[in-house]
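Have a look at these structures, which come just after this line.
Two complexes follow with subunit A in common, the first pairing it with subunit B and the second with subunit C.
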Partner chain A sequence: MTGLRYVYAVCRPFGTPLQAQLTGVGGEPPRLLPHGDLVAVVSHVPEGEFAEKPLRANLENLDWLTAVARAHQGVIDALTTVTTPLPLRLGTVFRDDSGVRTMLEAREEDFRRTLDRLEGRVEWGVKVFLEEEREPRAPAPAAKPASGRDYLRQRRQQTRSRDDAWQQAEIFATDLHRALSESAEDSRLHAPQNPTLSGATGRNVLNAAYLVPRVKSEEFVERVDRTKDGIPGIRVELTGPWAAYSFAGEESAGKEEA
Partner chain B sequence: MTTPSRLPDPYGQGSSANLADILERVLDKGIVIAGDIRINLLDIELLTIKLRLVVASVDKAKEMGIDWWESDPALSSRARRDELTRENAELRERLARLEELELEPRRAQEENT
Partner chain C sequence: MTVVERREIALVDLLDRLLAGGVVIKGDITLRIADVDLVRIDLNALISSVNAQVPSPFEESL
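Up next, the complex of A and B:
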């Protein structure tokens, strides 16, 4: 069969079949490629899009990238409901099945260790936003400062309330992160997302990922929910359950041989 | 086997999952394996994609939370504007200070004449 192999994830063999209508990158259904006691989840992708040159160009095309990213995540998501997948980074492509098998064999030890570490665990994303009041471009729409001194006073007041809100949000985020870390096995802090992103309003002051056993997920979610209507002006957002993306790379961090 | 039924319903995932959440994970996280098709995703991810996005579609890039160029005066007129605003504010403060300093002597002068 022609075409390249796009690899989504590596997992242990699992009994539950994938949803029949599940499609992956390029609309192809993902299939399982077992090798030893590991399974690679792969699908066929056309050379016209995924050979080195077109891939490089496509990765710079946002529409293409968005579609592939969503398809990739869709497959990982489906796997997460039936097993514990090790998600690979987007764009892992091999020439044929045997290339994938060779890779599985070469990294077998690594995969096993990481799979053992993550077995039965999922990732939850928690973000804290500081809602911003109408600021900063129009400093004083109604009352124009009457004098320089007036102006200075107004400015000082604005700065002070902004600083207070920031400080409050920071304390809130720190406390929340500490509390959630206690309910999680592991945690990662990610770079804050941009406020304009996804139409999310406010400033992202915490963007964290938590590794939580499935069986404790309900508890974790409840814990997050309870913080949600805490302080006015501060918003908590929960996403998940994700495959343990943020925790898959590690430990095998000494794998520079690859 | 695992017990998916124990898992709470997804929060903010699926179609509502924001693109930044997804890209953050599928591009930045996950296991890195050198496939047969060699792409240095790190390079592309950090430089090319973001740069191209700026050129290709600022709105979409912003949707994704990529906006670092906005604060770089070399790349953004808004950043230049912000710099002007800052400078303006500084000048106003200096003006306010000068007003205070100048007010007293001038008043004294006016009284004298």
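Up next, the complex of A and C:
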């Protein structure tokens, strides 16, 4: 069978077989490709979709990207039940098994080091939103501004209230990030989410990921929960546990982001 | 655990991780697809295509 190899993750060998009914990208079953003391989790993908040129085009097709992202996540999810996988970036494709083996060999040291660092850890996502719809305490109804000057004054006040709310949200997010970073081994800041893509209401002020030992997750989640009723107009969202996607790259130099 | 609601994972949270996280393999052996810049461009293109298809329900003021 021809086709390219899509690589989901690199792991340490694990005793448990993958669930028989597990399917990956394109409905193909993932399989294990061991090399030395590492295992790559791979499946066949068609060249028509995953060779460099079609892949570039497909990455801009939201339906295609969604299907691949969900399938990728499904395999990673299954792996997290049996081991701590090191996820690869979406769309990592090789020509054949031997290409995958060569890659494993070339990156062996990195993979081992990162796998050790992530062993037994999960990632939690925390987002803070400022609800923009909420009209800040505007000066009583003042139905219609009586004059241009009144109008300008109202506008100024509204702008000031919005700035205050924004500033308050930033302070809240900074404090929260600092507190959560203390409870976590590492943290990453993702770019604020585009509301068109997320469909979320409000403005995304913080979009962070935290690396937390699995055994300390409950404590971490409770800590996030306690912040949820903090300030009206500010919404905190928690996602996870994720495989440590955001921490699969090089280790950050300490906690300087915090 | 109190908050592990297993709702379907939001695509945008998934893309944050799958397109910005994960190990990036560089090197001559691969097709060199997983490239940070490439992915950033793709995501922007994607967002603008979404924008074009689905006009924002909110009026863009100024």
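Following the convention adopted for this analysis, the second predicted complex is superposed on the first by the 239 of 258 C-alpha atoms of A that agree within 3 Å, B and C clash if a C-alpha of one lies under 4 Å from a C-alpha of the other, contacts with A are read in each partner's own complex, and residues count from 1 in each chain.
Here is the rule we go by: a contact is a pair of C-beta atoms (placed from the backbone, for glycine too) under 8 Å apart; a residue touches a chain by one contact, two chains touch by 3 or more.
Owing to the predicted nature of the structure, the values given are computational and were not obtained by experimental measurement.
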item: Contacts of A:179 with subunit B and subunit C, given as first, second, both or neither; value: neither
item: Touching partner for A:125 - first (subunit B), second (subunit C), both, neither; value: both
item: Partner chain(s) touched by A:152 [first = subunit B, second = subunit C, both, neither]; value: first
item: Partner chain(s) touched by A:90 [first = subunit B, second = subunit C, both, neither]; value: both
item: Common interface residues of subunit A - those touching subunit B in one complex and subunit C in the other; value: 4, 7, 10, 51-52, 55-56, 59-60, 62, 65-66, 69-70, 72-73, 86-95, 99, 103, 107, 114, 125, 190, 193-194, 196-200, 217-218, 221, 238-239, 241-242, 245-246, 248-249
item: Sites on subunit C touched by subunit A in the complex; value: 1-4, 9-25, 27, 29-34, 38-39, 42, 45-47, 49-51, 54, 56
item: Sites on subunit A touched by subunit B in the complex; value: 4, 7, 10, 14-16, 50-52, 55-56, 59-62, 65-66, 69-70, 72-73, 76-77, 81-84, 86-95, 99, 103, 107, 114, 120, 122, 125, 147-149, 151-152, 155, 190, 193-194, 196-200, 214-215, 217-218, 221, 237-242, 245-246, 248-249, 252, 258
item: Parts of subunit A lying in touch with subunit C, wherever the complex brings them together; value: 4, 7, 10, 51-52, 55-56, 59-60, 62, 65-66, 69-70, 72-73, 86-95, 99, 102-103, 106-107, 111, 114, 123, 125, 188, 190-191, 193-194, 196-200, 207, 209, 217-218, 221-222, 224-225, 238-239, 241-242, 245-249
item: Subunit A-facing residues of subunit B, complex; value: 1-4, 6-8, 10-14, 17-39, 41, 44, 48-49, 52-53, 56-57, 60-67, 89, 92-93, 95-100
